[in-house]
């Protein structure tokens, strides 16, 4: 059996952080430059990259046998990531309110706003470091990858949150997040089906023959489903008066569906090429006694 | 917002998170083996069992707090609660002393909601164990039930660790549910008092609850039967870990409140 | 007086929706062999017992129902806000989107788990995938629509301050917990080991040796759900329905007494009655079944 080399997790972290932030900023900047909302779907790409990063980190932690199951890690990451992310976005809003750093890069995008996700990411990484230290040294989990892994999943959670906030509302400004995501209750699906693509891949592919590329393909497929659902949710923000814009949600949903079909078929192809017996139907295979 | 109020909120959230973490240790969790009648306890995972009951406590606390707020049906009995909440003085020293009755009611509402959900989870499962599986409800970790004095070991199937949820485990689950509900509703009220909107306070409470529930379940590593289980002696580690983790999260929350939530 | 009647009627309707939701939840998890019993289904090929049971390992039931119900509720909310369509239609469409997504997660979980264990020779049966997945989607639809519906009623008629997707998520987590604690026991301890003697727990040595043959032919997940619908499913529904109904009933009727403490005292009395009921069952079981071994 040939040993396929796994992608190094620091590479994936760089992809997640840099790629994620670039996609989120691109969505907001493109919308501001063209004075439309159509580019909200670009933020989904950022969330997907961060999900791939997070799913790999979950793999590395859980490979050592975590004892309570893989899903709790996702809940932990998103639970601790929420308030640090909100704080980062609030700092940006506070700075704008105080009038500092308000020179705009592009119309409608002050520097202070751009700083928000970066501060949110840093605070989440700090939170992850604290919890990782506690889990490893006080709760004595004895998992070598726990410290770094915990930092990574907290950071990934933060970027996933901001990516999906931007997908649904078109911006990550704090007042919009509070009224349109928390006030409507959409934070519940953002939490749950934002966390699920991060924890589902390893949990679903669990077993001695688990393979990184297949697991990460599943991460992309799951987060594309989430994108489609959030596209429908963004109807509540865009399709109401005064914006009355049905096109933005439609773009997100249609592009999401097309990309999802491709991703699902890619996953199916990987399952077939892995060598598992696939039978149309039949009785149990005879096993030697 | 006054600094003293913010510090009290900080301490309140940290304390609440620690209570949640402690409460998880009282809940009798059998996990997957319990669903196979191989272990005593309720058949859900540790994290999610505490979370399920704690959130029902949160729902009860939410509606009680709303009733006490200006315009609700209880506002006439607790007239100072609504103005203190909107004025941001609910957790100031004078706010707490003026509203002790209101606090007590909201926190007890959280406890009762959580205990109700928890006890139904345990007892309806017992109905199934007794009639559909046909086993007595016993624990293999003690020779006699500490509360009822019933002999346990003769009634345990050979090769298992017990089955069902005997009375000591049911009582332990009530304590666990009460602590979880208390913690959850305290976080909710603290965030609300700091100026968060209702939805933000509710989801903030949910996030902090998950954080503590998962850390406590890491401490337990699998299953626990309640306060009579030898694993229960590990609780100090969880208290330290949960309090530090919640303290950091509480700092973020208080920072948001300082900047005007 | 009229408000009280409307509120009580709503609480009763919520209890009924919750009962249906609980039963559908448990059956759906039996179709997919989710969470508890799944550990045995996962273990079986490793100890040599290959099978034709659906191995749906998305995450535990509470988390799964949390995400299913909050997605259904959120999509319903979005459709109501954007197009002002009728609430019932919006809830149905929301439940449809959420349960289709859930079905896709189920298929990827089945394929993924079996591929991760390919060395034990457990095949992926495409006919199991295609016949069982629609049942999973259907029951998920029933459960999520019922829970989104009663969360909506809780928010609009009983004036709960939380937004209704958050309420749906919280009740979804509870229904998952109920199914896991109650219904999965019927599947895991009884149906999965139907060829073992009745009236005892499962010794550790028997772990993984699940039943492979059914009444006629090989056992599959549809037979399992067909059995559990007779006891485990309705009992789960009853557990959830009682929780939902009593939590709201005590709130509605007794909040007016003792400055709001009436509802708390009512709750504590209900809890005490349930604990006494548990004790009665415990004593009955001990007396009727007797010990497994006598004092040596």
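Here are some notes:
Order of writing sets the labels: A, B and C. Residues in every chain begin at 1.
In this text, a contact is a pair of C-beta atoms (placed from the backbone, for glycine too) under 8 Å apart; a residue touches a chain by one contact, two chains touch by 3 or more.
This one's a predicted model, so the numbers in the text were calculated from it and none came from an experiment.
Of all chains, the one whose Cα centroid sits at the greatest distance from that of chain C is A. For the interfaces A-B and A-C, the C-beta contact count is higher for A-C. Rounded to whole angstrom units, the spacing between the C-alpha centres of chain B and chain C is 21. Chain A and chain C, compared by their mean Cα positions, are separated by 28 Å. For chain C, the set of residues that touch two or more other chains comprises 60, 63, 162-163, 166-167. Under the contact definition stated at the top, the residues of chain A that touch 2 or more other chains are 69, 75, 183-185, 187-188, 191.
Shared interface positions of chain B, defined as residues touching 2 or more other chains, are 45, 48, 199, 203, 206. The residues of chain A lying in touch with chain B in their complex are 66-69, 72-73, 75-76, 78-80, 82-84, 86-87, 90-91, 93-94, 97, 123, 126-127, 130-131, 134-135, 138-141, 178, 182-185, 187-188, 191. Those residues of chain C whose C-beta lies close enough to touch chain B in the complex are 35-40, 60-63, 158-163, 166-167, 170, 173-174, 176-178, 180-182, 184-190, 192-193, 198-207, 231-232, 235-236, 238-239, 242-243, 246-247, 251, 255-256, 259-261, 263-264, 267-268, 270-271, 274-275, 277-279, 281-282, 284-286, 289, 291-295.
Chain B makes touch with chain A in their complex at residues 45-48, 197, 199-200, 203-204, 206-211, 213-215, 217-222, 237-238, 240-241, 244-245, 248-249, 252-253, 255-256, 259-261. Chain contact summary for the complex, chain A toward chain C: residues 69-71, 74-75, 183-189, 191-193, 196, 199-201, 203-210, 214-215, 218, 221-222, 225, 228-229, 232-236, 239-240, 264, 267-268, 271, 274-285, 287. Residues of chain C that touch chain A in their complex: 48, 50-52, 57-60, 63, 66-67, 70-71, 73-75, 77-79, 81-83, 97-98, 101, 104-105, 108-109, 111-119, 121-127, 162-169, 212, 218.
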